[in-house]
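When the chains are written out, they are named A, B, C and D in that same order, and each has its own residue count from 1.
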Amino acid sequence: MTYQEVLEKARQQLGPYCKGCAVCNGRACGNRMPGPGAKGVGDTAIRNYDKWAEIRVNMDTLCENFVPDTRCELFGRIFRYPIFAGPVGAVRLHYSDLYTDMTYNEVLVRGCAAEGIAAFTGDGSDPDVMRMATQAIAKAGGIGVPTIKPWNLEVIRDKMDLAKASGCFAMAMDVDAAGLPFLKNMEPPAGSKSVEELRQIVEMAGVPFIVKGVMTVRGAMKAKEAGAAAIIVSNHGGRVLDQCPATAEVLPEIAAALKGSGVKVLVDGGIRSGVDVFKALALGADGVLIARPFVTAAYGGGEEGVRLYIQKLAAELTDTMQMCGTRSLAEIGPDSVWMKK
Amino acid sequence: MTYQEVLEKARQQLGPYCKGCAVCNGRACGNRMPGPGAKGVGDTAIRNYDKWAEIRVNMDTLCENFVPDTRCELFGRIFRYPIFAGPVGAVRLHYSDLYTDMTYNEVLVRGCAAEGIAAFTGDGSDPDVMRMATQAIAKAGGIGVPTIKPWNLEVIRDKMDLAKASGCFAMAMDVDAAGLPFLKNMEPPAGSKSVEELRQIVEMAGVPFIVKGVMTVRGAMKAKEAGAAAIIVSNHGGRVLDQCPATAEVLPEIAAALKGSGVKVLVDGGIRSGVDVFKALALGADGVLIARPFVTAAYGGGEEGVRLYIQKLAAELTDTMQMCGTRSLAEIGPDSVWMKK
Amino acid sequence: MTYQEVLEKARQQLGPYCKGCAVCNGRACGNRMPGPGAKGVGDTAIRNYDKWAEIRVNMDTLCENFVPDTRCELFGRIFRYPIFAGPVGAVRLHYSDLYTDMTYNEVLVRGCAAEGIAAFTGDGSDPDVMRMATQAIAKAGGIGVPTIKPWNLEVIRDKMDLAKASGCFAMAMDVDAAGLPFLKNMEPPAGSKSVEELRQIVEMAGVPFIVKGVMTVRGAMKAKEAGAAAIIVSNHGGRVLDQCPATAEVLPEIAAALKGSGVKVLVDGGIRSGVDVFKALALGADGVLIARPFVTAAYGGGEEGVRLYIQKLAAELTDTMQMCGTRSLAEIGPDSVWMKK
Amino acid sequence: MTYQEVLEKARQQLGPYCKGCAVCNGRACGNRMPGPGAKGVGDTAIRNYDKWAEIRVNMDTLCENFVPDTRCELFGRIFRYPIFAGPVGAVRLHYSDLYTDMTYNEVLVRGCAAEGIAAFTGDGSDPDVMRMATQAIAKAGGIGVPTIKPWNLEVIRDKMDLAKASGCFAMAMDVDAAGLPFLKNMEPPAGSKSVEELRQIVEMAGVPFIVKGVMTVRGAMKAKEAGAAAIIVSNHGGRVLDQCPATAEVLPEIAAALKGSGVKVLVDGGIRSGVDVFKALALGADGVLIARPFVTAAYGGGEEGVRLYIQKLAAELTDTMQMCGTRSLAEIGPDSVWMKK
């Protein structure tokens, strides 16, 4: 199977909302939800994609020939690439009946672990989603990050118990999911978390805790204050709030604010290729999350599709590092990219 | 009835000029008048819409979960949202026979009052327009703002007598209507108002007076000097002068100039959603006016349509406030939005 | 006859190159020559048009009601508007057989004089062009500007003799026509003029002399040094050199450099409406030239078409001045427009 | 034969990938390879072209009439124009069967030499490519630049022996070809060159050595340190690395960094006309390389096509120099162009 075949198969398997586009840029699915589209006028997903394209890479082949070291350290563990699969939920609603949230998470976790990286698993109203996700992570030796929605504390505690049992090396919470109706409509409404609440959650976790959905320096400082081990600069692909800035636009100042703090900075939103991964690192990220293309890969090729997509990303990242004279991730910095003044 | 149904019905009811577009952005109606289009090359209405989209909102859900307080104070009165329906005139000419200016104003005033906000009513050459608009406002307990064209002083006095009888809490004048032919062709020509003339008009009003159609700091200072209680940053949707800046472009400096003066700043032009309302407040406005989408709502669903559109705006504003960690309108400020430097 | 009818008739009369577009913006005729198109990739005419649209006018109706004074003084003469018809040549080649250069110039001069403005007449290889143009100017009491190509000095002297006999109040030379093949191919090649040569030409003229085709401060200083009474900031509609800046882009710095020098600054290129005229004056011009739309007007309605177009421009300029609170041309300044910083 | 006929013929001769577009701007061939397209998302070739169009030329015909001197000195030799044909390889794969790399190089070298400029010849895995290219250069009296891929040193030495035998006045290496699979897959992998390796290569050459594929000041400094006689600012038309800046964007700072160093600066990427050549010189280049349009010219008209294209470029460059008042290449400087601040 080739990645091209995965894409072709995916186009048949994906439901009416996702078109399985050759380039997943938020344009074909526009402002339509359900489906992969974004909320409101729907231009945030598009902007996420477009803003990476404005950043250009600085080619320099006047250096020794070398094989780039793409390894990434996170919380004491070494991953083969600075790439993580992002959490996705309600796949039957948004994509098609091929997977349930349970089976999607399984395929994703397995495929990523096999390629030396980790998947973030999604969460859902059905408790079985977290149960099966954490079982998959357990089978993968803890290589996976259970991502818990910002429920109320008791629900979080239950989910965390499952997560702990999986031996996962980290847990995450997409606090920006506060905008999703099923959380707002709970009794009492779930959603936003104060620094104090977040601190309790971080402590409850017992493993490094990652706060997903930070878009401002102010938010990053609060996550740090609450004890987060990492943040993910993310606008949830434009699905929780209309008309956010692109993550590439806010990443540099957030990364600068956290520099030297020990808090790791991940980023997602519109990252599609290994060149984009390189750019994100140049802008200060320690690693990236990619979500939608993994859906396409899983629907088009199952675990093999997931692996093929990771191999493609890895080849692109390696090639870009070689062509830019950067031997290791640490050498990728502001000088590695060119931006219009 | 859903708002979606209102839109669909509106598409059948609106005349040949207005297409009842899903997104009302000035593109389909272009430079055509009559109809909702703009004057000259017709790009001012388009620019009004587009420039709000360039302002992005700063998501931050790291805060206590809260129910936002969307209440807005204007001239001692509390409105449920910082949103007002804008004045519209000559609806038979521009839209279709479904309404006269009289019946349109009635529906608008009633629908707005029922949702806790106020409508600005339009004016016309036919004296019945103001008579029936003020009657509608009287029935709504004075919750409505009669908007008087910049006639000559005697005509204004007559219209104001009707307005006063309605118990309205404020009056307005769209001084930028000076560009409309029926005013220019009067004997003597009506139109622009000097500070001294405006001062007389303000005094005549006896209630807080709102000057609509200010696009410069210079104009704002003159309105203040004349005793205006509020201004509306507005280019009349591009209908009175070709190729103005967008209101979103000039709002920040005008709001800054009036800060602390006691003069309230409202804004209109291309505001379509609750996210846009949020952005306007972040840029310094105390509230917004929305005009064309209320036409669509009234033509598609009458009073119920008007209410459904207000509920939609309210839901979007509330959601945005929650997702940006702003508890009340006072907390929405420059930090709440992101703009390209 | 209405201006709309002129446009419709023009579409039938204009040859295969010009489409008689509703908005003449250089797009439909692109890089094609002959015809009204521009040289090379052909984007200079488009850029000329587009850059005016980026400048926005500052509406302000808080002032006394007034009738704007649109009168413009040039070389001691008063014109009704700061608008001149630009010189056009080889109309049979570029447009159609309806006119010869001789008859086109006649219609243009008559129509402009009747509306209180002056036309610049074109020149050609055929000596009859200048002969008949200057006869038309003579009939109009000298209200017209014979525009001489940058021939060699002897030819210029001959043409000037005809011009002098017409009693014209000024003469012009489009020095940027140096790029046209029929001048380059002369023996010796005609074209560019040194300051010293230009000084001789200015002296020969005996009336105020206007240098057309200045695009830099450096060029403006040389024209001044040579004794020019006025310059025209112009790139010849993109027809003599590929990929120039738009005239609106270089006008402000050129006007600033000549301020207080006594040398008048005119501008052409993409000016289509009275709002554009207003913008040009705000950027420092003393007046404007408009060329292509006068072709359309003359082909569509003869002298009456020319007059209707002038009346349209006048109405738009008057309206814009009223809506921006500018009583006279002198009051139109940098504060009258808004530009993105 | 006219250049227009060359273009028409080329459209029939070029294979399925190249469309022989009237304007070769990277859009029609997009991200497709093989063919002339670019790597990855494929926007680098497009950006190369587009960025030249943002630079505008400063027309000034107020100067003596003159015939521009377009002669360019490189390494003690005088060329008629500051234009070189760029190296192209694998023409059967990318274009069609009309030429082999051997016959293409021959036609190119002959056509260029006949017009007083030099061609850079391509390289390939088949040793015959370099053998025949250098034979063609020998026949042209050494007027041609053998361009060697960044092989391992032994292979380079073999190729250089052929090059030396040709009497070529200079040699080049496209070090950015390091990104091409056939080099990466060698044993040991060929590709990037350290300063020390490059120094050896430069010394081996024995003639002035040109480093092609420099996109940063850092890279330029390394080339200088290694003893390069010239660099070519180039991103290989976007074919070796996805999403580089345009060469026009990085040229000014690289040229400034090498100013006065004695290292010549050439540039390629999207240069299509004599106006573009003029702009490149204004931005600091000593000369330019043009590649794809020479393919079109050779496929459409053989040696005559190549000559016609050079004559077209020469006419455009000469015309632009005349219209901008620049007598010689040395007079083309930053003042010769206008760029948006």
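Keep this in mind: a residue touches a chain if its C-beta (ideal position, glycine included) is under 8 Å from a C-beta of that chain, and two chains touch if they have at least 3 such contacts.
The chain lineup, named per UniProt: A, B, C, D = L-lactate oxidase.
Keep in mind that this is a model prediction, so the values were computed, not measured.
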| item | value |
| --- | --- |
| Each chain counted as touching chain C (L-lactate oxidase) and chain D (L-lactate oxidase) at once | none |
| Copies chain B (L-lactate oxidase) and chain A (L-lactate oxidase) - interface residue numbers shared by over half, same or different | different |
| Distance from chain C (L-lactate oxidase) to chain A (L-lactate oxidase) - Cα centre to Cα centre, in angstrom | 59 |
| Where chain A (L-lactate oxidase) and chain D (L-lactate oxidase) are represented by their mean Cα positions, the distance between them in whole Å | 42 |
| Contacts with 2+ other chains: residues of chain A (L-lactate oxidase) | none |
| Pairwise touch network: line, ring, star, complete, or other | ring |
| Chain-chain contacts as defined at top | A-B, A-D, B-C, C-D |
| Complex contact set, residues of chain A (L-lactate oxidase) against chain B (L-lactate oxidase) | 40-41, 43, 47, 150, 175-176, 178-179, 188-195, 197-198, 211, 213-216, 218-219, 222-223, 226, 235, 240-245, 249-250 |
| Chain D (L-lactate oxidase)-touching residues of chain A (L-lactate oxidase), taken from the complex the two chains share | 23, 53, 55-66, 273, 275, 279, 316, 319-320, 322-325, 335, 338, 340 |
